[in-house]
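I've put the structures underneath this note.
Here come two complexes built around subunit A, the first alongside subunit B, the second alongside subunit C.
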Partner chain A sequence: MSEKVRISGAQFAILVIMNVLGTAIIIVPSIAASFGQQNGWFSVLLATLFGIGLVFLYYLIDNNHPNKNLYEQLEDLFGKWIGKFLSVLFIVFFFEIAIGNLRVMGDFIITQILVNTPIEVIMLLAVITCLIAVRMGIEVISRTAEIFFPYTVIAIILLITLVLPESEITHIQPVLQNNIAATLAGVIPLLGYPFLELVVMLAIMKHVNKQKAGRGFLVGMTIGGLLLTVVTLMCLVVLGSDITARNVYPTYVLGKKISVADFLDRIEILVAIIWFFTIFFKITISFYVVAIGVSHTLNLKNYKTTTIPLAYVIMVFGFFASPNIISTRIFLSSTWIPVSLIFGLVIPIVMLVVGFVKKKI
Partner chain B sequence: MFIAIIVLLLSLILFRFEYSQVKKLKSKKDKWTLLVGFVIGLYCAISLPLDLPVPHMNRVMDQLVGPIAKPIATMLQSFRIK
Partner chain C sequence: MNQKVVHLLCIVVLCISLTGCWSSRELSELAIATALGIDKHEDGYKLTVQIMNPGEIAGRQLTTRAVVTTYSTTGKTIFEALRRLTTITPRKIYLAHLRIIIFGQELMEEEGLANSLDFISRDHELRTDFSLAIAKDMSAEDLIKVLTPIEKVPADKIFSSLKTSQDNWAPTKVVMLDELISSLTSPGKQAVLTGLYISGKPETGNHIENVQQVDSPAKVHLDHIGVFKGDKLVGWLNESESKGFNYITDNVLNTVGWVECDQTGTISVEVFKSNTKLTGLADNGTPKITIDVKSEASIGEVACQIDINDEKKLTEIEQKLEKKIEEIVNGSIAKAKEFNSDIFGFGDVLRRFEPKKWETWKENWSEEFQNIEITVNADMKIRRTGTTTESFIGKIEQKKEKDE
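Up next is the complex of A and B:
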């Protein structure tokens, strides 16, 4: 069973921001630019607006069943067996988020920072760190997020201000005159990654004070989405749409452009700092939600029973998830779209409708 | 093989430690879940050094939602810069 703890609205908002940024902050600019080119930032902005709409959907679902997590709500709405079946499907979805992000992190480190280190070692260290956090519980995870959040924000502000002198506004001109259809098409992969993945927050929303959950979710989504938009915009004005689209990690390349008075150069590790914090929380939240899902489905007394075996499975399945980052990008732009639409939009809408019908009866 | 043996030994120590914690819960279901979970986890762990087969989740998902995903991917591909 899940824990009986409370987290504040601000902590919840920070967790939402960390989940929106997650791996997205380093990959999204490239996906957006490969569709909308110089208008890529607009695709991210539109996806953010859609994400804000999603917040209202998730808030209404949570409001119908206060003090119940996603798995308990599913059983309440659809009965024991269908509810358990849907819970298992959601567990697989969250498991996929955890292993996918773990793999992306491993790929980034072995291709950009520690090129001779085996990916297994990187992934093992990440899984052990996440395992410790998951065993500590959601309260500790939230407080840790609160501690690390200022560093993430400072690193993003530093990144943006330090590359500002390199920016060239002509890179994003003409604004919204060409590639309008491609700009709109670019919204589709961005919905699946990262916005629809936020359905994961439904599983921990019951720990947030009722009045503050909706506001925290909305604030977190708005700030996270706007930060993604600004980072994409910076990539476009500094690197140009072509380099942004063709690089796998354009935000990291953006960090390499920092040069202050020919003295402070190559401080791209700033980007890595932002990213390690956000990715840690994204993997940890997914891992935690999988653990409480399994313990709820099997009616266990304590969710910690499943954490160590799950750590093994996440580590190895993450290793085999995809052969490289290119394959991951293809997966995100094809298979992941319908999967995230089903779990992030279709099932939540069905949950909301069934909830309203049941209330009327 | 040497790595597999080390993984096995470390896992046994970890299991011993975790089992003593779960024992305090006095729940048979928790004990069995831990045991079965560790067997699955151990298989996964030794599959890396011994090259045992493990399902590739992305490929499984590709096969499950492929018929829906393909038209979307084709449509998106037409909008991508070449």
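Up next is the complex of A and C:
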């Protein structure tokens, strides 16, 4: 069973921001630019608006069942067995988020930074760190997020302001004239990654003070989505749509562009701090939610029992998650869309409707 | 107690694994490449790499050995050739500090640029802050071998003279990788690269005596801009056409220009500020481009009898300069039309201003480019006259007349 803990509204908002940005910030500009070209930023903006809409859906669900997490709600709504069945499906979904992000992070580090290091070592270090955090509990995770958040924000602001002199507005012109259809189509992969993944927050929302949960969610989603839009915009105006789409990690290339007076040079690794923090929290939250889900479904007394075995499984599955980096990209822009739509949108809507009907009866 | 032991164990394990020295390479194990030359070869490519000899740059006692060393090898692909270099170099080549990549002219004309560029943009070790250029009428290998005075590392000399020349003289251009790839892939723009050549006696270039003499026998010169069509080099612009190219693409930071005076003699000005705005328009289906060049200048040299205190005269000079800029720009466009290559990115301009029309032009842009109508409006303002007003030349001329 989950602990009796409290998370403040601000901490919850920070966790939401971290979950929106986690790994998405390195890959989203490339996906967006490959669809909408110079209008890629608009796809991200539209997806953000959709994400804000999602917040209201999740808020209503949580409001119907205060003090219950996602798994408890599912059992309440659909009865014990169907509820448990759906819980297991959700656990698999969250598990996929955890291993997917772990793999993306590993791939990124060995492609760009530590080329000769085996990916297992990097993933193992990340999993151990996440395991320690998960065992500490959600309260500690939230407070850690609060400590790291300013550094993340500073790193993003630094990145944006330092590359500003390199930007050329002509790269994104004509604004919203060509490729309108492709720009709109570009919204679809962005829904699944990262916005629909935010359904994970339903599992920890009960720890947040009731009035503050909705506002924290809304603020977090808006800030996270806008940061993603701004970073995509910067990639487009500095690198151009072609290079943004062609690079696997355009945000890192953006960091490489920083050069102030031939003096502040080659600091892209500082920029990488942004996503080391965000990815850490994204994996940790998914890991934690999987752990409480498993212990809830199996009626275990303490979720910590499952954490160490789960860490092994996440590590191994992360390693075998995808045969190569291209299949990760294809997975995110094909398979992941219907999967995340089912878990992030369809089931929550069903939950809301069933809850509404049950209340009426 | 038990918990303490576990914590201690964690710390020890993390200390070992977090040091980040998995694939560490010390400075003494690296061969720092400063320039890369790529030539065509019957086996595929010939790769020449210029490696810094660190002892000669930062060593306490300088010897008479050369500051750089070059190695050449061939391979079916560039990547293969680069790795094959390990059979002749003592250390593995480290590319992160590369300053310049030079392509041989033959490679550019016959095979094109695209195949050699992919490795450069894909490899993680290469950054994007180096410049690219062409060895004009020679192989890149010969060009990389030349030792240069003042700047010890020849690649540094080429890089900084490209930059200085672009900033103060205008007919050359620093082309970086990102820009080159964007212009190669954009449907509305063609690529350009600056050319380099060796003047004097190229064969002495790789001897240390080249830097021991006051007047080096072999010098690396910057040439003008090479025009690409697709990814193949099709020709060269001359000096004034290259300058026109930089005026159109708003790449003039500072340059010198001259016009004839009323009588014999010339007057030169320093253009210290220049802005170009391109606007596109579809006029009955014909693409139209307006080029507005706004420059500010100061008088740098008066070599004729002219009273520059007279504002009317100043306006006359301004008009002459404007006309000259218009001529330069038109000449550059005429040459580009001759090569049928839209190096100025007029297609991109039209894409921004007339996105709907552009879709119809895009397909056969090289034909449409021939029909493009250009209007050039130059606007020159002379702001200052240097430290003197009227030149003393007038006085000297008067004196001469008196003596006669």
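For this structure, a couple of remarks:
Heads up, the rule we're going with is that the second predicted complex is superposed on the first by the 361 of 361 C-alpha atoms of A that agree within 3 Å, B and C clash if a C-alpha of one lies under 4 Å from a C-alpha of the other, contacts with A are read in each partner's own complex, and residues count from 1 in each chain.
Here is the rule we use: a contact is a pair of C-beta atoms (placed from the backbone, for glycine too) under 8 Å apart; a residue touches a chain by one contact, two chains touch by 3 or more.
Small disclaimer: the values here were computed from a predicted structure and weren't measured.
When both complexes are overlaid on chain A, the residue A:Phe319 reaches subunit B alone and has no touch with subunit C.
Looking at the shared chain after the overlay, A:Ser333 reaches subunit B, while subunit C stays out of its contact range.
Once the two complexes are overlaid on the shared chain, A:Ala185 sits against subunit B while remaining clear of subunit C. Of the two partner chains, subunit C is the only one that A:Leu125 touches; subunit B does not reach it. In the superposition on chain A, A:Asn116 makes contact with subunit C only, not with subunit B. Once the two complexes are overlaid on the shared chain, A:Glu168 sits clear of subunit B and of subunit C alike. In the superposition on chain A, A:Lys301 makes contact with subunit B only, while subunit C stays out of contact range. The partner that reaches more residues of subunit A, of the two candidates subunit B and subunit C, is B. Once the two complexes are laid over each other on the shared chain, residue contacts for A:Val253 go to subunit C alone; subunit B is not touched. In the superposition on chain A, the residues of subunit A touched by subunit B in one structure and by subunit C in the other are 242. Residues of subunit A that touch subunit B in their complex: 34-35, 37, 95-96, 99-100, 120, 181-182, 185-186, 188-189, 241-242, 245, 298-302, 304-306, 308-313, 315-317, 319-322, 327-328, 331, 333-339, 342.
Interface residues of subunit C facing subunit A in the complex, by the touch rule stated above, are 10, 14, 17-18, 20, 22-23, 124, 127-129, 178, 181-182, 185-186, 348, 351-353, 355-356, 358-359. Of all the residues in subunit A, the ones that touch subunit C in their complex are 111-112, 114-117, 121, 124-125, 128, 132, 170, 173-174, 177-178, 239-240, 242-243, 253, 256-257, 259, 266. Contact residues on subunit B toward subunit A in their complex (touch as defined above): 11, 14, 18, 21-22, 25, 27, 29-30, 33-34, 37-38, 40-42, 44-45, 47-48, 54-58, 61-62, 65-66, 68-70, 72-73, 75-76, 79-81.
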